[in-house]
Each structure stands twice: as structure tokens, then as C-alpha cells.
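Presented sequentially are two complexes of chain A, the first with chain B as partner and the second with chain C.
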Partner chain A sequence: MNYNKIYSKWFWVPAFAIFFILFLLPSILGVFFSFTNWNSMSESLKWVGLENYKKIFESGSSIRPFANTIFFAVMTSVLKGGFGLLLALALNRRVYGRNALRTLFFLPMVLSNVIVGLVFQQIYHPTTGVLNQFLNLLGMGSLAHGWIIEPGLVMWSCVAVEVWKASGFNMVIFLAGLQSVPTDLYEACDMDGGSAWQKFIKVTLPFIMPSVVINMLLNVISGLKVFDVIYTLTNGGPGKMSEVVEIVILNEFAIGNYGYGTAYSTLMFVVLIIISVSVIKRYAAIGGDSV
Partner chain B sequence: MKANKAFCAVLSILTAAGILSSCGTSNGDGDTSQGGNNKKGVTLSYAASRTWVNRNSTVDDELNQKFTDETGNQIDFQISPDDQYANVLQTKLSTGEVPDIFMTGSGVGAQIYKPDKYFADLSDQEWVNRYADYAKKITQIDGKTVGFMTWCVDGYAILYNPETYAKYNLSVPTNYAEFEQVCKTLMDNGITPVYETGKELWHWAAFFGQVGPLACKNYDGDLYADLNSNKVKFADIPELEEYLADMKKAYDAGYLGENSLSNTWDSAYEAMASGKYAGILVYESWQTELAEKYPDCGAENWEMYPVPFAGNNMYSPSASAIMRVAYKDSERLDVVKEFFDFLAEPENLQLYYDNNPALQPNPSFSDIAARPTKGGETFVANAAGGAGEDINSSILYWNDQLAGSGIQEMLMGTKTPIEVLQALDADRQKMFDATEE
Partner chain C sequence: MIRQKRIANLLLTLLLWILVLLIVVPMAMIVLNSVKSVNESAVMSLELPTSIHTENFTQVLADKKIFRSFFNSIFLSVASATLSMLLSALAAFTLARNRTKGNRIIYIVFLLGLVVPVNYIMTVRVLQTLQLINTYLGAILLYTAQFIPFTVFIYYGFILDTPKTLDEAALIDGCGSVRMFFKVIFPLLKPVTSTAMVLNLLNCWNDFIVPLYFLNSSQKWGMVMMMYNYFSKYVSSWNLVCAAMLVNVLPIVIIYIAGQKYLVSGMTAGAVKG
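And now, the complex of A and B:
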């Protein structure tokens, strides 16, 4: 009996229904509301066309949240990928306590972002925080800073928390990719006198390219959607120095300006769709879909 | 084969239907009986912000239990974190999941919850006659009493230890120049003049809001009414700009502490009890909380003075306090009124206030004896300019978070005082535009 035949015809219905009701429908409705004056004070909706979008693009204060979001997404994607790859390469060898170390590096990923934000808020505190106290203990007091109150440092501090938290997740995906690299290719490379760097570039990297692409896709999307870590760590502050798009949306909803907030969220939705489709196309082009 | 296909199809549809039906709306009921008046065994849903109930006690739970014991009706608290309560409540209202009882700020701040649509008229309730004058005033909208309030209004001012001031021959400053002299002397003696909980955006907003009465006094007309009708902008009011400029000067000079942007509200108790700081901007009853946590610091004898920026010398109580609202179209409105009657019984009111020291300085019921704090008394005594309501609770579309972040930007030098005010105007303008008919 061909069970696949039955699955292919009917079993997509519940999943699609859930996806449609809980994701597609609200998204479509969101697009509609972004063209209205929907707010907490008026009983009726008024069609305002592109007015909300116009205000977003005209307002000088919109630049920083978008810039911060892109900065966060790019920096965390690169750094999480980089550290994740280094960890994966190190722990793909036969080292003592390998499994324990893999678990240890993955562990931050299971923590709630809210808890991580609150803990790092204490770690970064300029006077009572562990980080500055540690630097002072080492006689490196000149490096002590107000990590989340100095305008020039605050976004880097947020990036560092995300990198600490999610590098382990990247490591796991890279480790899975590394299992697909045939060991005889390394042996052949050794016989040809290839250096470690050449082995990495010519052998390892092509085989783990699908892992690189999927990591980057997930990193960029999670980076662009960042909210909870920054909300609990800095609440977008000091001032609006670490404000990202999701925090702006929350603030607009908090003052009851739903239509404007929804326009922001629709813009982010479009950006995410463009990035996702581009990366998935790239993924398919390099043959990742066959893995 | 066909039977299998049909079975799978039916199973899929039933699964989808089951999941979707669980997403449907419930009547939010929980009743064990339905319909009619004087129901027994009814459960009232009651939405509140975390720190608005059971403040350092379990008195709200105790009163609810007592109500259940007497009537058989139960109270189902739906508690949300403070910073999310407004969002949660607005979501509940807009999705039709309106609680039977919900807490809101009174006055202008209540307007965002559409009083006409959701607030029951409680004007004919017996306890309204026992309200203190201010409570009667701020629970009214369009002449109707719409809230049951067991709260207290008081103002924010700088609480200081008079012994520290006396030790260095300092007197209460009445303008920025005098404040600067006080601060310099304290700093020369290793004491930080003010502990500012600057991580909290709402606290910067509270700091700023104290200039409201002075601005109103100097304004030709009703400033708050003109701001609320969008006839005038914050940027048009010179006192507001001057006050912000003084805040910036004090911050830059270190009078508010070296790392004040990292200080949380919760950390203030320990900091003030340590003696390293000479003052803090707090509400009148805060010293009672501090004295309870740190009895040795003698906080109950500390005094207060108005923030002397821009020459401010006025007592600035809030124009708003927390009240309970009954949902106008609740099927259990009669039970809600019964619950409010129960809470308003003198014995229950007394129990409530006895367990809420922070609310005792100025109770909302005239038959409850006020227990003013030393800070509150000296705040009024030091306010030679008279009294008026603060900005925060008087202005339509005011948002503490947005105001606080604007002030933080000014302190870091990325905005000037006038730019902060213009940004506040721009944020409010968005709502004026959105609500324009």
C-alpha cells in the first residue's frame, strides 16, 4: 500500500489551516490595517492610504531603529557563524570531554532570552557588574566601561549577548555538516602536501556550504526580528540608542497608534520575505536542497 | 484503500476543526450559574497590573476570600507585568474579552480605554458620597463617576536626610543656583547629592512632570486644556525647556550620580539606606517603604522639597490614581457592584489601608484617617509657590516611556532640550492625526 499517496493529498490540511489562521491571515489583515488610521481612541477605521508609510520614511527618528536592526542582524550573523564554525571544527576532533563541551556550548541556547537579558544587565553594570569588577581585578580598569549606557558601546554589548547565546546553535548545525565530509579527501590532501588552511578551503568548506547557508538564513532572520534580548537588556536605551524596529512597534502599540505600528511591522515582514527568498534561492542554486 | 483514504481525510478535518475550535472565543465566564440577578457562585474576572494589587501584603487576596466566604462569588485575578498591562488590557478590550473588573489610571489617562464604551456609570453607588474631594473629581468623566478608587494621590519631590543637610549647614534650595551650591558641598564631602534611578524611563518622565504646575501658573489660560486640544505644543512653553536644561546641567555635573543610567528603581532602597546618597526623587510615601525595609536609616524622619529646576517651588500631586472600573456590558455587573460595596465597607477599607502604608498619606475615602508622612508635610511646607497637578497624568497621549527615552537622549547629548520637546510633540501629533475625524 502506498501511504505516501494518502499523506500527500490530505495531511497538509491541518498544518495549512493552522498556518493560514495563525500566520497568513493576521499578516494579510496587518497589511490592510497599515493603510488605515487604526488607533485606540477612534471607534471607526479610516483609510489613509500610504500616509503611515510616508510618515515612517519622512521621520528622521525612523533611521536609527532600522540601522540598529540591520547592524544587529549583520554583526550577530557573522560573529555567531564565525564562532560557531570555530567551535564545530574544534569539537569535531577527538578531544577529551568532547560531548560535555558540545553540551556546554549549546546550553545558553536553551535559556530564556528574558533571563539572559536580565542577567547581562547585572553583568554589564558599570559599578556592581562582574565584567568591570573582573577587569579591575586584572589591573585593566581602563577598559572598564558603562557597557549598556555608553551610546557607542550599547549595540556592541547587545550583539555580544546574542553571540554568546546562539553560537552553540550554529556549532550544532556546522557539526552536522562536518559529518558529511569524507575523511579520504583529507588523506588525499595530506598526500598532496596540502596545508590545514588548504584542507579547510578546498575540502571542508564546499561540503559544509549548505550548513553555512542555513545558519546565515536563520541568523539573519532572527537578527532582524530581535526583540526580547534588547528589550530586557536596554529597553532600547539609553535614549533610543539601541532601539530596534520591534521595540518601535511595541511603543507605537503602547500609545495606541496601531495603524502606524502595523505599517512598521509590514515593512519588516516584506524585508524578511525578500531576504528569506533570496537566501533560499541561493541555497537551492548551490545544491543545498539535495542534502 | 478507499476506506483508508476516507478515514485519513476525516481524521485530518477533525484535527483541524478541533484545533481551530480551541482558538475560538469563550464567554470568559467561569460561572457555575448563569443569568438573573444576585447570582451565587459567580466568578468575576478582574484584570490588574502586578504592583497594583497585594502591594507588599496579601490584603487583596484576603479581601477577595472574605467576599467569597460571604457571598459564594469568586474573584479571578488576571495579573499582568506593569510594563505590559496597558497593552494587555487594550488587547482584551479590542478583542471583546473584556474583564468584569479592570484597573486603570483615572483622569485623562483613562481616555485611551474608551470610557463611553466600556466604563459603567457608578454615580448612584452609596460609597461615592464618602469619597474625598479629589477622588470624586478624578474618578469622574463627563460628570459620571466611573471608578471605585481605594488609592492615594501624592506628588514627587526630592526626599533628603535633614541630618546630612544640617551636618554641612545646608538649607533647602529654592532655585537651581542654590541647588548647585548644595550639591557642590555634598560632593566635596564624598556624598552624591541625588540617587537617580535613571535606567527607568518612567522615572525621568516623573522628574520632568514636576514642572507642570509652574508652567500652568505662568501660562495665560488653561495650559493642560490647550495642550489636550492641540492648540499649544510642549515646545512653546519656555518653563519646560528651562527645566530640561537644568536637568542636563545637573546630570553633566554629576549631581545625579556617575552612572545613574544604570540604576534601577529596586536598587534605590539599599542605595539610600547606605548613606552614600543625600537625596532621591520619590513620591511622598516612599519613605515609609524605605523605613520598613531598613529601620535603622531613620527614613521616616526625612523631609522633601520640590525639584528647584527652572525656579520650580510648587507642590505637584498627580492628577490621577489607580481605580477599579466595572465593565458596562458585563452580565455580572450587579455582582461587580456588590463587590465594590463590600470593599467600601468601613471595616474592609480600613483593612485595605492598614496593609498599604504607601496609600495612607491621602486616602481616597473621607472616613479613613490620613497618615501624612513627614516628607509629604515638608513638601507642602517647602512649596511656597502653591500647588498644581503634574504633567504626566494631565496630558492626553502622554507616554512615560517616550518622554523618558527623549530625556535620556538629551542627557547623552544627542538631543537639545527643545528637540526633546519637539519629539514629544511629534509623538502626540501622530495620535492627533490618527484620531482626526
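And now, the complex of A and C:
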């Protein structure tokens, strides 16, 4: 049989065309436009070489959004992974109401980031917010803070919201990974008098390593792309203390600095490709299925 | 030993149910405040309402803009989820069945879409060039473009596990390849199709960025964007904002509860397959 005729390319061309023109092509074009002075003021497009990138790296103001984005990506990855793993280990046991608990812990994942951001803005409110009122109630009023108005705290508060929202997602992936651990290995470990910790390190962890890798990869990717949670929670404030790269891009877009904004996008494009390719390569080398 | 284990499990259960309060309380706040009076909801607290104001909901739904945006959301979500599902299933099918070198490269290019960020500024320019900016069609195609990579990915893995002899049998019986796909293969892909639909419906329903960059006219906004706008307008009327949020959240919670199996299995299938 003629495979190329039966499985005609016209089956994949429509999907590829839409995906390419509206997703990949803009990223590729962006690389070229990031070397121009493209903006809303001047009519003519001029090649400016590395000017936009120089501006990004030389101006002191762009360090913060990059630092914030990396901080957010790293902290949320670790915390979501940690809480997700603990929840999965707990919910893999015979606790009462297991399915209800799983459903509830995952639930925030399906809410819109806009709603989550707006509600937490209220929860964090310095005087009327539920968080500070709760602390006062417990007699720990000294711990009450202006969670999203104190410059030193604001990024932590953003991280906390993301951890609240997406730990359940990590949990679900870990739960799937835990099903691959053969129970007789635990029994063997019991026979040999292994402690719970030894069981975890020697039996559980090696089997769920693929879940760890995939969770971390997905967490880092989504962390670096973070936008709407922070945009609706703090809008980058106070001042620019919680600005992340995607917020800078929107702001540059709004004031018409298209070429400059696109340079930021292109940087993110390159960084994300490098991270993913290296993780996937290493992951494939450990023995996971390569994509 | 067994007794000890039971006590440990009991304590763990207790701890988990206390922890789950952290998840539930913020959501309960929305519900509580959606039925309060303006004054009571001025500070969004956890206090119980003194009287139930269901008229908040009628007031929100009577707002023509909110009402319209609700149907915009339904239209955009259903159209883009369906389109991306159909196109991705077809694409994954040929790519998984006929794994030539070229087809593998195409598949890997699709997977790139799982990783790279969207260049929004440039996409605006491309949509302007195509004269699709600020149109429903443009928004639907954009969502579709963004959903295709993951959808192709989950279909691909599933199709690899369906026997190829089915195709051959259908072809020998005289089916063309299009009919073979829709009559024989597509029905078998139902679990993935459900996953793709649930996931993409949710993602589209919750999206905030496409209207922000690509839809200038509020006429075409989905509900999330309209709510954000509503929030800046009625910033002190938290009862109305919360009622609007509930109206927005209700459909997705229903989809989530009904389609939980597919949602979770789809997400983990992707993760386990790597």
C-alpha cells in the first residue's frame, strides 16, 4: 500500500498551517524585528542592530523584571513540586474522603487567573484582608504585613498565590507516577527493616523520577511565562517591584515600543528553548521516552 | 502495628481536611460575598451575610455587557476547542501512522509549541497583515494555534497504541482514507477527544491575554476580560464582582466535575509519556 497516499499530507497541513502562521512564524519574525527600531511613532523601519538588546542589558531598570521572573520560576517550581509531592504521598494512602480531597486540591487549577488574582488582592489587603485578620485573631498581629505593598514581600506573595493554585497539578502528576511503584518492593523493604525514609529514597523516588523531571520542566516553563496572576494581583507594583518580563512586554507594547518589546520576547524564546532542549535531552538519556 | 497504622491514617486524614480549608476558604469568600449587600461586602470578609441578596445575580445578568460576554466566551471556547480538536486529531493520525523522516520533523516542530512563549507583539502584526485583528475569526484561529501543540501531542501518543490493522481492514473494505478515519479511527479516540475538549474549553474560557492584545472592542470580549473591566468599574461593589465571578466559575466547575476523569488522565498521560 502507498502510505503517502493513504496518510495524505493534507491531513496535517491545515493544523500545521494555523499553528505555524499564528504561533511559530511570529516568534521567528520577532527575531528580525527585534533588530529594528519598529515603533508606533516613526513610519519607516530602520535596522538598528543590537541596539534594543544593549538597551535591555545596560539599563538598570530591566534587571528587576528578569530577576523577578527567575525568582518566581525557581521558587514556584520548588514549592509546587514539594507540596505536590507531599500531597500525592498522603493521598496515595487510604485516607478518608480521598477522592473528594484530590478533587478539592486540584480545583484551583481550573479557575481563571484573573479571579484568583483579584480575590487574593483582597485576602492580602493590609487592614481589611482575611489573612491579616486571621493573624490578629490568633494573637500573632505582629506577623501581619502589607503583603503586596511591601517591596520586600510582594514577590513572595505572588509565589504563594501560584503555589496555592498549582500545587494540585503537581500532585496529580506525582499520583500517576506513584502508581508505577511496585508494592512488593515496599514489602521487601519492610522485611529488611527499612525505615519510612529509606523506603522513600530507595524505592519511591527512583520510580517517580520521570514525574519529578516533567513537573519541574512544566513548572519552570510556566513560571518563566508568568503573566496574568501577577498582572491582576499587583499589576507589577508597588512601583515596579513585582514586574515580570511578560508585564514589561505588555507595557512596551502599550506605549508603542514594538521592536524593544519584541527583543524581550525573543530573549524569552531563546531561554525557554535552551532549558527545554537540555532537560529533554538529559531526560531521554536517563531512559525516559524521548519525544 | 495495624492499630498504629490506623491511627496514623486517621491523623493524616484530619491534617489533610484542615489543609484543604486553605483551598476552600478563598473560594468560599466569593460565594459568601456574592449574596451580601454592598455595605457588607465592602471589605471582602468571611463573615456570614445577615441577609441573602440574590438580586446581585439578576443585576449582573441584566447587565447587557456581561450577558453578551458570557455568550462570547461560550462561542469562542466551543469554536476553538472543536476546531483544534478536529485538526489535531487528523494531523496526529497521519503523523503517527506514516512515520517518515519528514513527518517526524513536523511532529517535533508541533512539540516546539509546548515550550516556546507566544510573541504577542509580533502576532498582533501578523493578524493585522491578515486583516484578522479584532475579529472573532482571528481570536478563534489564535486559540486554535495555541491549543494545537498539546492536542496533537496527546492524540499522537494514543494513536500509536491503536492497531494499524484496523486501517488496513477498513481500506480493504473499500473506505477512502477520510472515511476510514472518521468511521473507524475517530470513534476509538473518544477518551483523548474528551480530554482535548475539556482542557481546551477550560483554557479558552479562562483566557485573559487574547482579548488584552487582540480584541480592542469590548463587544467581542469573553467573560474573564469583561469581569476584569467590571472590577475596575465597580471596585467597591464586591458583591457584584463576586456574583459575576460565580457566574463565570459555575460552568467550568461543572465541566471540571463532569469531565474530571478526562482532564486528569489527559494531563498525566502527557506527563507519563514524556
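Criterion: the second predicted complex is superposed on the first by the 275 of 291 C-alpha atoms of A that agree within 3 Å, B and C clash if a C-alpha of one lies under 4 Å from a C-alpha of the other, contacts with A are read in each partner's own complex, and residues count from 1 in each chain.
Here, contacts are C-beta pairs under 8 Å (C-beta built on N, C-alpha and C of every residue); 3 or more make two chains touch, one makes a residue touch a chain.
Values in this document were obtained by computation on a predicted structure and should not be read as measured data.
Undergrad: Between chain B (first) and chain C (second), which does A:G256 come into contact with in this model arrangement: first, second, both, or neither?
TA: first
Undergrad: One more residue to check, A:T204. First (chain B), second (chain C), both or neither?
TA: The answer is neither, since A:T204 touches no partner chain.
Undergrad: By the touch definition at the top of the document, which applies to A:G97: first (chain B), second (chain C), both, or neither?
TA: In the superposed model, A:G97 contacts chain C only, not chain B.
Undergrad: For A:P14, select first, second, both or neither according to whether it touches chain B, chain C, the two together, or no partner.
TA: Both: A:P14 reaches chain B and chain C.
Undergrad: Based on the superposed arrangement, let me know which partner A:L24 touches: chain B (first), chain C (second), both, or neither?
TA: Second partner only.
Undergrad: Comparing chain C with chain B, which touches more residues belonging to chain A?
TA: Comparing touch counts on chain A for chain B and chain C gives C.
Undergrad: Going by the contact rule set out at the top, does A:V110 touch chain B (first), chain C (second), both, or neither?
TA: In the superposed model, A:V110 contacts chain C only, not chain B.
Undergrad: Is A:F227 contacted by the first partner chain B, the second partner chain C, both or neither?
TA: In the superposition, A:F227 touches chain C alone.
Undergrad: Chain A residues touched by both chain B and chain C?
TA: 1, 6-7, 9, 11, 14, 18, 21-22, 125, 250, 253
Undergrad: If we count contacts the way the header does, which residues on chain A are in touch with chain B in the complex?
TA: By the definition above, chain A touches chain B via 1, 6-7, 9-11, 13-14, 17-18, 21-22, 37-43, 46, 55, 59, 61, 125-127, 146, 148-149, 151, 235-241, 243, 250-251, 253-257, 259-260.
Undergrad: Okay, in this complex, where on chain A does chain C touch?
TA: 1, 3-9, 11-12, 14-16, 18-27, 29-30, 33, 87, 90-91, 93-97, 101, 103-108, 110-116, 118-120, 122-123, 125, 128, 130, 133, 164, 168-169, 172-173, 175-177, 210-211, 214-215, 218, 221, 224-225, 227-228, 231-232, 246, 249-250, 252-253, 258, 261-262, 265-266, 268-269, 272-273, 276, 283-284, 288-291
Undergrad: Looking at the complex, which residues from chain B come into contact with chain A?
TA: Those in contact with chain A are residues 1, 4-5, 8-9, 12-13, 15-16, 19-20, 23, 86-87, 90, 94, 111-114, 117, 199, 201, 258-259, 261-262, 397, 399, 401-402, 405-406, 408-412, 414-415, 423, 426-427, 430-431, 433-437.
Undergrad: Under the stated contact criterion, what part of chain C meets chain A in this complex?
TA: 9-10, 12-13, 15-17, 20, 22-27, 29-30, 43-46, 84, 87-88, 90-91, 93-95, 97-98, 100, 103, 106, 108-113, 115-127, 130, 141-142, 144-146, 148-149, 152, 167-168, 171, 177, 181, 202, 205-206, 208-209, 212-213, 224, 227-228, 231, 238, 241, 245, 248-249, 252-253, 255-257, 260, 263-264, 267-268, 271-274
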